[in-house]
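Presented below is the structure to which this report refers.
The letters A, B, C and D name the chains in turn, as written, and every chain counts its residues from 1.
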Amino acid sequence: MPIPAPVLYPPFQVVRLNHIVLSVSDLSRSRAFWADTLGLQVTGEADDRLYLRAMEERGHHCVVLERGEEPRARVLGFKVYAEEDLDRARHFFRARGLPAEFVEAPHQGRTLRCKDPLGVPLEFYFAMEKLPSIHQRYALYRGVKPLRIDHFNCFSDDVQASVDFYNALGFRTTEYTECEQTGRLWAAWMHRKGGVHDMAFTHGVGPRLHHVAFWVPTPLNIIDLLDLMATTGYVANIERGPGRHGISNAFFLYVRDPDGHRIELYCSDYLTADPDHEPIRWDLRDPQRQTLWGAPAPRSWFEEGTPFPDTPPRQPVYEASPIVAA
Amino acid sequence: MPIPAPVLYPPFQVVRLNHIVLSVSDLSRSRAFWADTLGLQVTGEADDRLYLRAMEERGHHCVVLERGEEPRARVLGFKVYAEEDLDRARHFFRARGLPAEFVEAPHQGRTLRCKDPLGVPLEFYFAMEKLPSIHQRYALYRGVKPLRIDHFNCFSDDVQASVDFYNALGFRTTEYTECEQTGRLWAAWMHRKGGVHDMAFTHGVGPRLHHVAFWVPTPLNIIDLLDLMATTGYVANIERGPGRHGISNAFFLYVRDPDGHRIELYCSDYLTADPDHEPIRWDLRDPQRQTLWGAPAPRSWFEEGTPFPDTPPRQPVYEASPIVAA
Amino acid sequence: MPIPAPVLYPPFQVVRLNHIVLSVSDLSRSRAFWADTLGLQVTGEADDRLYLRAMEERGHHCVVLERGEEPRARVLGFKVYAEEDLDRARHFFRARGLPAEFVEAPHQGRTLRCKDPLGVPLEFYFAMEKLPSIHQRYALYRGVKPLRIDHFNCFSDDVQASVDFYNALGFRTTEYTECEQTGRLWAAWMHRKGGVHDMAFTHGVGPRLHHVAFWVPTPLNIIDLLDLMATTGYVANIERGPGRHGISNAFFLYVRDPDGHRIELYCSDYLTADPDHEPIRWDLRDPQRQTLWGAPAPRSWFEEGTPFPDTPPRQPVYEASPIVAA
Amino acid sequence: MPIPAPVLYPPFQVVRLNHIVLSVSDLSRSRAFWADTLGLQVTGEADDRLYLRAMEERGHHCVVLERGEEPRARVLGFKVYAEEDLDRARHFFRARGLPAEFVEAPHQGRTLRCKDPLGVPLEFYFAMEKLPSIHQRYALYRGVKPLRIDHFNCFSDDVQASVDFYNALGFRTTEYTECEQTGRLWAAWMHRKGGVHDMAFTHGVGPRLHHVAFWVPTPLNIIDLLDLMATTGYVANIERGPGRHGISNAFFLYVRDPDGHRIELYCSDYLTADPDHEPIRWDLRDPQRQTLWGAPAPRSWFEEGTPFPDTPPRQPVYEASPIVAA
């Protein structure tokens, strides 16, 4: 089995993913999409940046949109359990020869900027500016009623290496796809916060961001978003779904923002808090792993993604499978 | 059985209920409730009147709010099948010594204003100004996402007389409550358009309007409205529900507007188009007729209603039952 | 405009569609699908026939499955308003040289079997054996919780001729698709009972049944059916959806039964009771007419259907459009 | 503030609640309720015990029903992070003079039986027999479609003492009610697994179990259960709801099993994984804390509960408030 044994006592404690920084070409166009259509709440706008949060979040932001020339996923942000975990994290990355520097990040306390071995830009923080709760201010709910950021998914040119690294960080694998013929990993879903994933990796030209996902209340909110997007000029931004994933059992929809960043709207996965929760293995030949109901994903979904800064995507280091994914 | 045989070929053809005219004390306060909270769309505002329609309706209005000193239900409006039905209706009412006059009603064609034998003010029209469809303009949906006006419910001081009269007009009874001991009618639900009712009557001090109802997509929209009202200053306007009626099988919520007019949000009753559809009888002692799940209605629900103009409510002409309704 | 003026006073009164008779090769296999999976209730099984009804229906059957060599749609059944409408209907069909014979149909009263001008086998009845209501026997609900039969949809080799004929019968067109270039009808939706349709016609090799549809409570019931079919061996029977139609605004799913008969699960269209309800025109080039959210229908959906007995399907009599439907 | 500072590094690691052992008078009657109506899956039946699990759980049981003379909550079971946590837990309890013995529990590994300072019987285990996943066997879903056990709620005669003890165990308070006049705690919600609670305490005659709760997919599943219970002889077992709690923001329903044990069906609370997640304070005078929509809980809900074995309930040690709860 290509999934390493879980690490019971990790080198530093990651609580969960918290935020993403994306570059976009036109902030007002992005605001129309992310705030007015998806329904995220604007919490700040300054210095060519737009800050957004979801409805149950009390931290200042789960999405930062920065004006930029090219669509890039600049940072994937994670919260650690205690402030000393930041120092432990720095030690951990440095010991492996990986970049790890403290940086200034507005609205956040001490913030450690790192890169994982494949070049994914990460950020760890402990404290973030807190905002008043709007969870029960129902007059503010709009769009798909996004409740919280749920996970990141990345193309990796070496899924096995990605899994090994995040496993060492204490992320636990909940589900994975391998090729029965080659025995190689195709994809894996790994969590910290007790759901199916905070971070997932898919075989492909990488590293690139595949998507960022938001948790929504019920499948009907996703249907509401489809109706809204379809009648407000965003029908071409609907990429895949709605459907139910075999993997994770979640109800999903994939849409693209005006710069092509992929966003998943997601609900109803399951609790994975147990440290002895056993990962579920899927065979790459089983089409129901992707969509339980059988509908295939479009080609764009397998091929397109958002690059990270200063890390040109590479061809995969191993051929995961002779099967053409479809 | 107190329900008369249905009239196969009525004297004139009523298609369905269409609109209500209510007097309110403060139009801007009413607009905040009916438009911004319930989600009806404003189609006109002039001469101390606010016109509203629901999302799938193409006629100019289903609700007219008129500034007035006292809360009154001024008119219950019905659409007829062909223009000649207006003349047939006038003949029918006049032949029974009942008021029936053609009046001017803005945005409507020829309009016949009548009173039923108990004093309920009715209005029949054939043609109304048509507006562009907004059914698929999902960006306009708000509040409970009201799709269409569904029915009126009135207190009657003589439910048997009300049922006999509307039966003669071609309304068909779908369900009714009687007292097993006295054999007297307590309440009846009567339809034209193929649902459980366009018009219902309940034993009580009457005639008064008990409520006007709007059809909504699913029970989740009613839950959304509860969350919204509960957090925008309208918690005291929530009167009863949510629940499922035994009678009609519909999912319901009753709220009160700022002037105390009662509004039902309603979905999921059933098709009653068959002329030989047999009415369902309920015993007054069965509490599940009101709420299938057992929760009783509050006292206000049995006692309070909106008077009609110039018709002082009267005590019931017969005692329907020795049972205290609760 | 290719839609004829509605007939206000039709030659006989059709209330609504009521039932379909389909031939199937293996009744026990069909029972597993129609009853155990879709959730229709078995009301009788005799003489190589299985009778089924939906949850709010009180008539004996809305579906009759008959053992047969080949998949055929043997009868499309409609209820008339009064018994004399049967005689009027016989006169109407005979006057046009069309077949119309009274036949014996188990559990039905007098039953008139006809063919429309294109060869679609119709059946008109007034009275059917009534069964006790199971609408509130919630322990019986299963599968998609089908509430009632909703409509038929047929391929027609001459949609204009089909529309003209059913218009003469008093069916009113609610929506239609035409080709802007040729001005020819591509498809039309026609109703009697106050929804978007009892009967629809689509341009194609015909006549053939395209599908029979059932009304379900909410989109979530359709999601439940997808989950059930996907995990009980029926994933290949899921053909198209879920989605929202532009036309009708309904939420839909298309599945195929074990003999390939197509079934639509359908909810949330709109009220069309008004005789002056204006039909909505769609351009064949607008892909949102089919699926508001943009996903195209698969090729099978345009090409496959169930033949009627003794009426070999024909190529269309006119080319509706130079556009390839997709 | 009566809420103590959270303990960052607790003496042993509790992962989450896992199971409850209840005594019932008639196992077949209980099976009809818990399995056939609520929809839990039977995983074993032996020695006067019935074992049940919810749909996404892979452990052998979340509910054990034992035949017994009197309704009692015999054990509240929790899972620990690693096997050595059992020894740490034993030390922790013994050091405080509290009972803590290893016992044999079928289908579980080493199991530590303890009592908290107020007399609540607890059980800690690390390993439990694992069963094949049924999460995607949708043909097995029934009733309310319970996905997992969510939390316990207990009456406590000294809420402050309960909170102090569980805080020392590493449970973090997410919300609490206090009396503004007296400054005393009325109730508190405390979690381990990242939701609003694994364990809650309410001021009253205690210790007694107030309820055990199960997580369900959406509010519509709760409506389905209401319809089912109301029409299968369980209408009197519906105690409170449906509604939305102000506290936790969850959608809820309370029902009673045939022995009077109270069960909550619950969905849509929020993520609380952050160690610096700040508890929300509610004033006892705010009726929306209980039901956001304003409906009061019935008297039985404040007064009735299930005793624990060998621990006679006591009057509260302090008067939390001069306000009569209602």
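The criterion applied here is as follows: contacts are C-beta pairs under 8 Å (C-beta built on N, C-alpha and C of every residue); 3 or more make two chains touch, one makes a residue touch a chain.
In UniProt terms the chains read A, B, C, D = 3,4-dihydroxyphenylacetate 2,3-dioxygenase.
What you see is a predicted model; the values in this text were computed from it and never measured.
Asker: Which chain has its C-alpha centroid farthest away from the centroid of subunit A?
Answerer: B
Asker: Quick one: report the Å distance separating subunit C from subunit D, using the average Cα coordinate of each chain.
Answerer: Once rounded, the distance between the two centres reads 50 Å.
Asker: Per the centroid of Cα atoms for each chain, what is the distance between subunit B and subunit D, given in Å?
Answerer: It comes to 44 Å between the two C-alpha centres.
Asker: Residues of subunit D that contact two or more other chains, please.
Answerer: In subunit D, 136, 218-220, 227, 230-231, 292 touch at least two other chains.
Asker: Touch graph across the chains, line, ring, star, complete or other?
Answerer: complete
Asker: Give every residue of subunit A touching subunit D within the complex, in rising order.
Answerer: Counting only subunit A, the residues touching subunit D are 8, 15-16, 56, 58, 79, 81-82, 127, 130, 133, 135-136, 147-148, 193-194, 217-220, 246, 249, 268, 270-271, 273-278, 280, 292.
Asker: Which positions of subunit A touch subunit C when the two form their complex?
Answerer: On the subunit A side, the touching residues are 218-220, 223, 226-227, 229-231, 235-236, 238, 242, 244, 251, 288, 292-295.
Asker: Spell out the part of subunit C that touches subunit D in their complex, as residue ranges.
Answerer: Within the complex, subunit C touches subunit D at residues 136-139, 218, 220, 224, 227-228, 230-232.
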